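Common to both upcoming complexes is chain A, partnered first by chain B, then by chain C.
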Partner chain A sequence: MISQAEYSKEKKVGEGTYAVVYVGTKQSSNRKVAIKEIKTSGFKDGLDMSAIREVKYLQEMQHINVIELIDVYMAQSNLNLVLEFLPADLEMIIKDTAILFTQADIKSWLLMTLRGVHHCHRNFILHRDLKPNNLLLAPDGQLKLADFGLARNMGSPQDFLTSNVVTRWYRAPELLFGARHYTGAIDMWSVGVIFAELMLRIPYLPGKDDIDQIDVTFRALGTPTDKDWPEISTFGTYNKIQFYPPPSREELRRRFIAATENALDLMSGMLIMNPHKRWDPIQCLTNQYFVELPEPTTPADLPQLNKK
Partner chain B sequence: MTTTPKPSNGADAKAKEQGSLRVTDDDLYRHSSQYRVWSFTPEQLTQRRAEVNARATAKIEQNLRAFRETHLALTAEELAAIEEKAVPVSTEEELLLVSYFARMILSFAGKMNLPTEVAATAVSFFRKFYLSNSVSEISPKEVFHTALFFSCKSENYFIGVESFAKKAKTNPSAVLKHEFKLLESLNFTLMNHHPYKALHGFFLDIQSVLAGKVDMNYMGQVYTDCKKIITDALLTDAVYFYSPPQITLAALLIADEALTMRYLQMKFMITEEGPTENSQGEKQDSKEGASISIPGQKLLEIIKECKEIISNKVAPPKEDAVKVTAKIHYSQNPLTVLDRLKRQRESNSTGATPGQTPIPEDSQTKRPKTDGATN
Partner chain C sequence: MSGTFQTQIMLSRPYLTREQIKRAQQNTISDRRVYNQKRISVFKYLCDMCVQFKFPRRTLETAMYFYQRFYLFNKFETELCYDVATSCLFLSCKQVETMKKVADLATVSLRLRSIVKVSPELLDNCKKRIFQMELRILETCCFDYRVNNSVHIDDLLVKIGKDLKLSHEVCYLAWLIAFDALKLEILLMVPQHTIAIAVLKIACELTEGVSWPNVRYSLFESDELSVGEAYFDIINFFINVFDLSDLRAHVPNNLRNVGIETFIELKKQAGLEKGLKEPENVSSDPYVVKERDFTIQERRYVLYGKRISDENKPIKQETKKEKV
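The block that comes next holds the complex of A and B.
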């Protein structure tokens, strides 16, 4: 990969715990880029795990719905990731009340999200932090999965994984129960919640804390029983939780007024409590929802943030 | 790289299945950094090692010239000693030393009870590091801890640097010293696909393809044997020439040729007899192989080639590693050649036998012994 002279950093646009993000330019092509400068001093264990994960997984994925890692270079003993410049994210769009969007727009964003997730999963990579804020939008309307700082390989069955992943509102029930073994189904749950949020335009399961998250989740979707999820009673916390009946189809229709029956099927498929039964990306992508009218909006025609 | 064709209005879902855009596992592998960046032909690999060695050699020779120019008072005997002893290491010697330390990583990881994949990735990192750096530029002794520590992080098996350094009997700053250099030498690509995963897959598939014809306990033994063969294979150049499942099949062939051949016959309709079956092998697919269009005979050729490479166990003896280390030391510090000469002269006068290769002070005396097998 190429040297630092190739990239200029023009403006600081963000700062996280382990990185500073700049907007810059790739000199040879005049392409606008985002440069994530990984802080290296002050970490006693050397290069930070999040940075390692981000480099590791992004190097393996070339897909229109996954953020592109254009280059990596060292400068002044700092690690710099040169990424595609993506000025907006789905959370901004959802929150901007001046923007109206249609069922066709939602279908388009969901389609692009599922394609990106499918690409991760067929490469045996779990994202583990899907949320509107990590679904970035390119100027041409394409949606891209970003922030692979929590990603990991799908484990072998005997591997122990940490359940402390995914931002709370988008956390699958098995994670809420502290599961140490889980699969791509955790990402699918997050996509289901994002789908609901796109239709409601407010967060669907906004738990105030980890305990409340369990309550909010099961109040909305029903407490799972060992009939539909036999392993559930092996989770220590299961017996302590409040029992709620699952919502009737009629209740779902009332909550998601504009949703078609196929849309409700798809959402419910992604929000099945039992991770073994929850729909995978292929089941979702081949669902009738993507075949029925309206057609998904062409990315270039999707609503965008108003430029100031 | 999009498998799912864009749904169009009113199109039947079945139409999607007919799409020729289907992305295969092979396509995905070809997009991996392991294939894009770290797969070579034997010629490319040889050239790469030669270039690294040439760069280091040029530098050492330049230093030696400078040394001679600044030490004009050297006697003919001293000059001859420098000429003989202070010589840059060859590509083969570099490779020997790298292999020696790569094997040490494995035994070290074993002692620390690290998962197989962590050890395998550390070996991979370490060996790749010396495809861009020479052992006379950065000593393997300084890098092998770094490779193992970095592998722990990359394989999601985090150990704090303090406790790692304690177990490794070194200090944190030594472990971290070359971390960036390592990452850079790896071309910032960290994903490793090891043959162990493929082994698990074949292990399950053999049981289903040869259902009722193999003994389960025996299969367990084959699995264990193969795992060891694969670990040895990670020290060979097969990892740069073949894909992980090819290496696994080669390992299976070593572990039990008859069983593996029977499996391959059932799976891909191939036989020992060779070329005569070629056209048949490609057309007639067995039930299991129906969806896989792999030319069976070609596959067999490939895994037999691979078997040849991984059959040659890479385990250089310690004495050889010590010799190379000494050579690096002398080539970088010609003064020590003179010191040695002086000592020899002194001991000569006291009657000791001259001409034995002494081991410099910083040698490997404390290193654990390898299993002693030679090539």
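The block that comes next holds the complex of A and C.
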């Protein structure tokens, strides 16, 4: 089967450590796509692990709230991943002060994020890098989880995992303590922080470095005790940290002025220190918050970036 | 043709039948005996590497799959096979999350191959060859990460054994048998959980007082013919070379009397050999007949046939219109 090339690269739109991203076209359907060309030369350890993970986990996942991997191809000796073209991300929206958004909009974005995370977790995949920058927005308003370069499957309980995952501000307390065994709860923590950020429109827990992150996190949410998290004292660094009391409900209400009681419940559920008690996607998706008014905005009606 | 570019689309077929494998190897292996000899020494070499790095068995299993798969579609040359094997191991480490630095792998690899004087230059060249092969291996697997991802023989063996309430002793024996299965082409024919069922069955039949529970294989997402393929492949292996097998070297005390005759007896009792149905078109199936052309500029790999048919649709309509 030999014909004209199926993909054309039109414009370079970005360059990361392991790939160059182009906007291109899929000829047979005239569909606009993003093409990630994986750099193969000059790497210390061959084909980058992120590229492998991206293919490995996106290949099998097909969900409206997860970015679609359309194709994988070799061009000469370069590996190319063809992905859905998604021009905006949630970080751009949050930062763009010209855009106003409502509680219904926040509910809609959170709902789509949770659906995507639920789909990953029910397929035993941890995303491990959830942040507004990795939640991309399609022209029809759908939000999609992207960048699976750090993802991995949940594996066996005895597997050792690295705690050096997730962008600092969105890192769960067990990771801050260097846990080598963890679960989908780390993704849920990130979603909780993103939820808070959507309401505040500034990053909720912006630590300056890894040590500061511990301080910022516990100052905002209280230092966990072994009463509500018995295993906590097994972490070596636990005894060295400053003790802060948890915030009262009133303090949370003052910080998140527009949030309803159900919204605060949901956020606090995702930000429970003990990962065993932290809410999972099903608990979150079935929470009253998504039942009460206002209804989540229809994706197509969500605010979009103003086209320049 | 008008375009200067060429493209090719290929559907992944991670498992093939015995005849399909043979047909593909006709293009790549000129001397079957040499290939088989080398495969045994490569397996030994990969085992040694895995022992050195304390890799779990799934790393070895995946490397063996990659190695054998590679030579279905790439010419076999004796000089290069250890480099290919090292590259397969390197990739399998990434696949099953037991990562190691390429420099570490290359150093141990050269040492195990008794290369005494390792200059920095030699090491660098070795690393380069590992990298070069990496993408080619993935290409021969059509970048299909559905296999060798989370299903591995040893994991599944324990899970299925537990489910069938088999004793620790039986499962341990199955685990020993499964090690020999890694040397076989059965890895390319049926998925790992099917091999796990087959070795559990053999282990039950070898253990006195235990009989194989008559279960429907569909409960474990497998089927009679696939399990049969694995079962007979492994039994035949022991009938042919039991004395050289790892099972013989590690057989538990209560099974000291197991020998070739035991397996001949098992085969007799199992009746007619059952296995995967051979398709009729093996000799005309371009997937195994045609040599892979890695010079085509755009080589695409897909997992679902639907994608290919979807793309073909509009093209067909257009040609019809032109004819009219």
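As a convention for this text, the second predicted complex is superposed on the first by the 303 of 308 C-alpha atoms of A that agree within 3 Å, B and C clash if a C-alpha of one lies under 4 Å from a C-alpha of the other, contacts with A are read in each partner's own complex, and residues count from 1 in each chain.
Methods note: contacts are C-beta pairs under 8 Å (C-beta built on N, C-alpha and C of every residue); 3 or more make two chains touch, one makes a residue touch a chain.
In this text the structure is predicted, and so the values were computed from the model without any measurement.
Overlap between chain B and chain C is detected when the two structures are superposed via chain A.
Of the two partner chains, neither chain B nor chain C is touched by A:Thr234.
In the superposition on chain A, no contact is made by A:Thr102 with either chain B or chain C. Of the two partner chains, chain B is the only one that A:Ile64 touches; chain C does not reach it.
Of the two partner chains, chain B is the only one that A:Gln288 touches; chain C does not reach it. Of the two partner chains placed by the overlay, chain B and chain C both lie in contact with A:Leu47. Residue contacts after overlaying the shared chain place A:Asn164 against neither chain B nor chain C. Once the two complexes are laid over each other on the shared chain, residue contacts for A:Ala75 go to chain C alone; chain B is not touched. Residue contacts after overlaying the shared chain place A:Lys56 against chain B and chain C alike. By the touch criterion defined above, A:Ala5 reaches chain C but does not reach chain B.
Between chain B and chain C, the overlap after aligning on chain A sits in one stretch of 44-52, 62-70, 278-286 or 350-358, namely 44-52.
Residue overlap on chain A between its contacts with chain B in one complex and with chain C in the other: 1, 40, 44-47, 49, 52, 55-56, 59-60, 72, 74, 77, 79, 152-153, 156. Those residues of chain C that touch chain A in the complex are listed here as 1-3, 5-9, 90-91, 94-95, 97, 99, 101-102, 130-131, 134-135, 138-139, 143-146, 149-150, 155, 296-303, 307, 311, 314-315. Here chain B touches chain A in the complex through residues 1-4, 7-13, 16, 23, 28, 31-33, 149-150, 153-154, 156, 158, 160-162, 172, 175-176, 179-180, 183-184, 187-191, 197, 200, going by the rule given at the top. Residues 1-7, 28-29, 40, 43-47, 49, 52, 55-56, 59-60, 71-77, 79, 124, 152-153, 155-156, 159 of chain A are the ones touching chain C in the complex. Across the interface of their complex, chain B is touched by residues 1, 40, 44-47, 49, 52, 55-57, 59-64, 72, 74, 77, 79, 111, 115, 118-119, 122-123, 152-153, 156, 285-286, 288, 290-291, 293, 295-296 of chain A.
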